[in-house]
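In the two complexes below, subunit A is the common chain; its partner is subunit B in one and subunit C in the other.
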Partner chain A sequence: MAKQLAAVIGTGQTHHTAKRQDVSMAGLCREAIDRAMADAGVDWPEIDAVVLGKAPDLFEGVMMPELFLADALGATGKPLLRVHTAGSVGGSTGNVAASLVQSGVHRTVLAVAFEKQSESNAMWALSILPPFSMPVGAGAGGYFAPHVRSYIRRSGAPEHIGAVVAAKDRRNGARNPYAHLKQPDITVESVRSSPMLWDPIRYDETCPSSDGAAAVVIADESVASGRPAAWIHATAMRTEPTTFAGRDQVNPQAGRDAAAALWREAGITDPLSEVDVAEIYVPFSWFEPMWLENLGFSELGQGWKLTEAGETALGGRLPVNPSGGVLSSNPIGASGLLRFAEAAMQVMGRAGEHQVDGARIALGHAYGGGSQYFSLWVVGAERPGAR
Partner chain B sequence: MVTSISEPLSAPLDVGFDYTRSLGPVLGRFATELREHRVLGVRGSDGRVHVPPVEYDPVTAQPLTEFVQVGTEGTVTTWSWIPEPLAGQPLQRPFAWALIKLDGADTALLHAVDAGSPQAMAIGMRVRVRWTAEPVGGIRDIECFEPLDAPERAVAATPEPVTMITSPVHLRYLHSASPEESRYLRGLAEGRLLGQRCPACGKVYVPPRPACPTDGVPTEDEVELPDRGVVTTFCVVNVPFLGQRIKPPYVAAYVLLDGADIAFLHLVLGCAAEEVRMGMRVRAVWRPRESWGTTLENIDHFAPTGEPDAPYESFAQHL
Partner chain C sequence: MAGEVAVVGFAQAPNVRRTHGTTNGVEMLVPVFAELLAATGLSKRDIGFWCSGSSDYLAGRAFSFIAAVDAIGAWPPIAESHVEMDAAWALYEAWVKIRTGEVDTALVYGFGKSSAGDLRRVLALQLDPYLVAPLWPDSVGVAGLQARLGLAAGLWTQRQMAEVAARGQRDVDELLARPYVADPLRAHDCAPITDGAAAVVLASAERAGELCARPAWITGIEHRVETPNLGARDLTTSPSTVAAAEAAGAEGIELAELHAPFSHQEILLRQALGLGERVRVNPSGGALAGNPMFAAGLARIGEAASRIHSGAAGRVLAHATSGPLLQQNLVCVMEGR
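Right after this comes the complex of A and B.
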């Protein structure tokens, strides 16, 4: 069944920071929404439906925030959906909003995602210990660090690759006025001398805790035609259980399947050659080479070579995270939508100081849970098939 | 085969955290005025006065800024009697939850009414604010509402700007293990490690699951496993955090018991953290038998056996 064409016609985000104590959750969301709607040049009567993304409830201790936020999200009298796929939720939110347009149900849909980490403690929320178990869990870093070690062992990557990613993303973040961390002078050496938190993950290789929100306006062809637009070429989502015997925690099947479906739908046979820029969910530095392989940008065990050669830096063959990525800003619920929005900004030529010259095709990627949820989209400067 | 059927194990799981709430310009103003013993609403685009104030208009979604002071007396529009109050509710004696439309407001506010008995409650009854003597900032500065014929108590206002409130959340669960996990836990209480094998794929799960995650069939074939195995991968936790039970630094390692097909996380001690390796052979170090319970914590930690490391290829498919 053919999908209707859909495009991002506007993006918006907050200035991400450790504590936005001057605004409520509603006010935080509205900063991103107001910027996205101004960017799109649309007003509330044109919004047909609203999709909200938010990380697990325990992260902020608010059950069903979509209900108390309905007024602020302009959802009165309209369909309002909440999407819930852990850390990948921002990406899934974009994909659900896109599907509402691609299905022909709505013409213009607002997608918004947020996190106010200052009101909570995500590390605590991720380390709650059920009875009868061994209290060794240590948040997201403690969960992912052993799998990073497995990647290093499996690929034979040199120890400094993680630091190369961190220094690159933080320097990119310094070009992004909305980024939480701006560290133009960070170096591979300074990252390697930062404290070891969850060996082999160092402090400077770890995402910050941020307050922030992101929003995009997605419209059908009749609305998007004649406007600046990032045309949605493909979307994909896949899921797998957290644990099962023989599960590949380094290179999860769900991620490989999502990527294969995405490239097929987008008509992309050689991602490294055909994609101009990628926003990949990298909360810990080593996930750049891990996801480069999982996404098919390189052969297995070879992703780190792209990183080491500078191919993922601005000016490289495949700039990854020109926005600074999750390593520079991490309002968890919004982080996936920020990747998706940056991909759209890149092909719309609206990425300012972090613009990749001539970007025509861009990837947005998010993952969540214990590498269980994967959400991706490919957007292009032109309608699909026009290349 | 598992033949005996016994009750699944249960234990309390209490989760609690003092969340904070940044109030923003509208609710912050509302909370600040409550400290002055004034109740503020906000006027919407259709002229209605919303109490408590809302940040964005329910009709136009535009930000609202026209604050309106309303009365501290009002009318009950509906109510429900609470004969046995729960911890944390506004009153610890029987009370009514009520929707109260304050004089000058067009929307009703939810709060408690201290009426003594349900016979004293009625739709249309008049009530007034009883201010708390111990303000905390926010809606709790209204202790409750009371019928107009109750004797008035004088409480002094304590003006102070309010920009944030604390919102404690506590969840008290009874966590139950599955029958399969319960059997495994009772085995631990006897110093045994009991897994189960999937009849379809032959994989041995420890702890056992009610069903194989891959094949979806019950795993009934019990397998007793040795308390030795291999570290597949690990990290060294150096970071302290709220709720942590083991003092960092410590090695959190995936231990794959000999004969098992899935690793579990445990602690590795008995050598320096930097000496822990992928493939290192380890054995369980049990706590004193008299302290054993139905928990994996009976194994205090895993320690190196001194045997040669397992070859990478032998556990590579378990990463």
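Right after this comes the complex of A and C.
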């Protein structure tokens, strides 16, 4: 069966903040859903199915929350899928929803992802020690800091690169009305004087813990034609094991394989020239140059030079995370779908103050687990092949 | 026919009361994968897409499905996804994936080690966390309320419930003399606490014939969810199952595998689906004979498909459920040719 065309026809997100105590989980999801459906101009009878993504259930203390959220998600009486692929889940949620349309099974699908970290304690949820497993006991920052040190050693990157990323993303976040952190006056120097948390990651180079949700409406060609749309040119997901001798956590093969499959499907041979804007999952500043290399935007060891030269800032050759990215808002389960939605907003020309002028092709990227789960999509202002 | 997908292989771990491995399923899954790949003649590198179903809450930890990937040996990296649901829904995701034309084979698996915790209390955490779960209504007690509603409405009797559990092999009077676990449910009315895992291989029309002598072609697969508000549902029937079955084209069924963790739910589903006396129900014994959480629904599909593989049946229905009191249901109709 030939793959059907699919496009994002609407996006929505919540105001992200540390504790959204004004809404329940249902209210949080519905805030994003209502915005996405208004943006798409669709009503409930047109939604054929709902896909919900979020990170571990222990983050809210509810087992399979899609069950109790069925009414709020508008899923009652319809098919409802619940995806969970660790931190990449938001991206996977978008990709699974896309596949429901691309397979010809449905015409219009609602994808929703959320995390309400204030309901529980993510650090506790991540610190349960299963029998027979090596305890990490470090949280995400402590887990990833050695990978960053290894990257610096291998690439010879100067030590201020991480601060350049953090200052850029937080300033971008100040242009995004939904961002959790808005710091228009942050500088490389102020980042570098913030407290060291996990050497070499400083406080200002670390993502916040956020409550938040994101939603996108994905539709087939018959529905999307004639509307503002972000056409889905390619999707990819890859997984590799957490640990084994010889695994490269700094530049994981699963990420490289996912990127190669993505560019191939999208017909992109020179990503740096052909992609106009990228929303990349950067929870700690140094992951920007690391993922630039992993995704093939630069040669190995050279990604930091794009960052240092300002090429990833708004106005640069490849603006990365004009929304402020994960460094400005991190509702974990939603963070991947936010990347995907922001990519769609860019090619639809709906990114407001953080719009990249003339964006036609955009990347959405998410990763999870111990840098072992990758979900990606490429969206374009035109149908695939029309370029 | 182009776009069609078939179940070409099924294997499962022994359904047992207790295992001694981890809660991430690896020890149960490794032999299941080996059996399945040997039967289909595939290697792990031949599998185009992997998809699993499991629950972190059952495993008592975050990211148990990531550890389960170690059962695959996912190197080189694999195309993979996971649902926090019974693996029957992972099969649905894999069926969709094959229909996009991106891949022509998929391996779907589910696992659950219920012995690691107190299942009745764990499942209470599926209920509304603001208004219901804080009261800790346990899963057997809630099911007892549903059984009571059906009894009061005259839809089934305690004897009929015992007859489901007996399957013609145990003395019904003797079962009815036993004490209640949660009135009107006795032990035989409730699925046993089970550790287990199951796996299924799906293939496209182009590949199915070479992997299986008699593939079980999926002619319809649909699922629906109902409101979580128990008081707003008619708990004596299953509208979501009926809607899914209708959309899946469930006619001419000879044999059905129903995912009913309680005896009255097998009667309820049979009534809702309109399965007559001539339809053979749960020849495997169903969930009452073994109920590995997050694998039992997928096992229903595998068990039903295996009746087609063997030539014992021509057109079958498999049903899977998720959530409190049959809140979410999936129906998969398969046929041999």
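Assume the second predicted complex is superposed on the first by the 379 of 387 C-alpha atoms of A that agree within 3 Å, B and C clash if a C-alpha of one lies under 4 Å from a C-alpha of the other, contacts with A are read in each partner's own complex, and residues count from 1 in each chain.
Just so we're on the same page, contacts are C-beta pairs under 8 Å (C-beta built on N, C-alpha and C of every residue); 3 or more make two chains touch, one makes a residue touch a chain.
All figures in this text were calculated on a predicted structure; none of them were measured in a lab.
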Look at A:Leu67 in the shared chain and tell me whether it touches subunit B only, subunit C only, both, or neither; answer first, second, both or neither.
second
Is A:Asp270 touching the first partner subunit B, the second partner subunit C, both, or neither of them?
neither
So in the superposed three-chain picture, is A:Glu353 touching just subunit B, just subunit C, both, or none of them (first/second/both/neither)?
neither
Which holds for A:Asn121: it touches subunit B only (first), subunit C only (second), both, or neither?
first
Is A:Gly27 contacted by the first partner subunit B, the second partner subunit C, both or neither?
first
Regarding the shared-chain residue A:Asp185, is it in contact with subunit B (first), subunit C (second), both, or neither?
neither
Shared subunit A contacts, counted only where both subunit B and subunit C touch the same residue
24, 58, 60-62, 71, 76, 119, 125, 128, 130-133, 241, 244
Sites on subunit A touched by subunit C in the complex
1-3, 24-25, 56-71, 75-86, 92, 96, 99-100, 102-105, 119, 125-126, 128, 130-133, 236-242, 244, 252-254, 257-258, 369, 372-373
Please name which positions on subunit B make contact with subunit A in the complex.
9, 11-13, 15, 17, 19-27, 54-61, 63, 163-164, 167, 169, 175, 177, 181, 185, 201, 203-205, 212-214, 232-239, 241-246, 250, 252-254, 261-262, 264-267, 273, 278, 294-297, 299, 312, 316-319
For a test of understanding, state which residues of subunit C touch subunit A in their complex under the given definition.
2-3, 22-24, 50, 55-57, 59-67, 69-70, 73-85, 89, 92-93, 96-97, 99-102, 122-123, 125-130, 133, 222-229, 239-240, 243, 322-324, 327-328
What residues on subunit A touch subunit B, complex-wise?
20-24, 26-27, 30, 44, 58, 60-62, 71-74, 76, 116, 118-121, 123-125, 127-139, 141-142, 145-150, 153-154, 195-201, 241, 243-246, 248-250
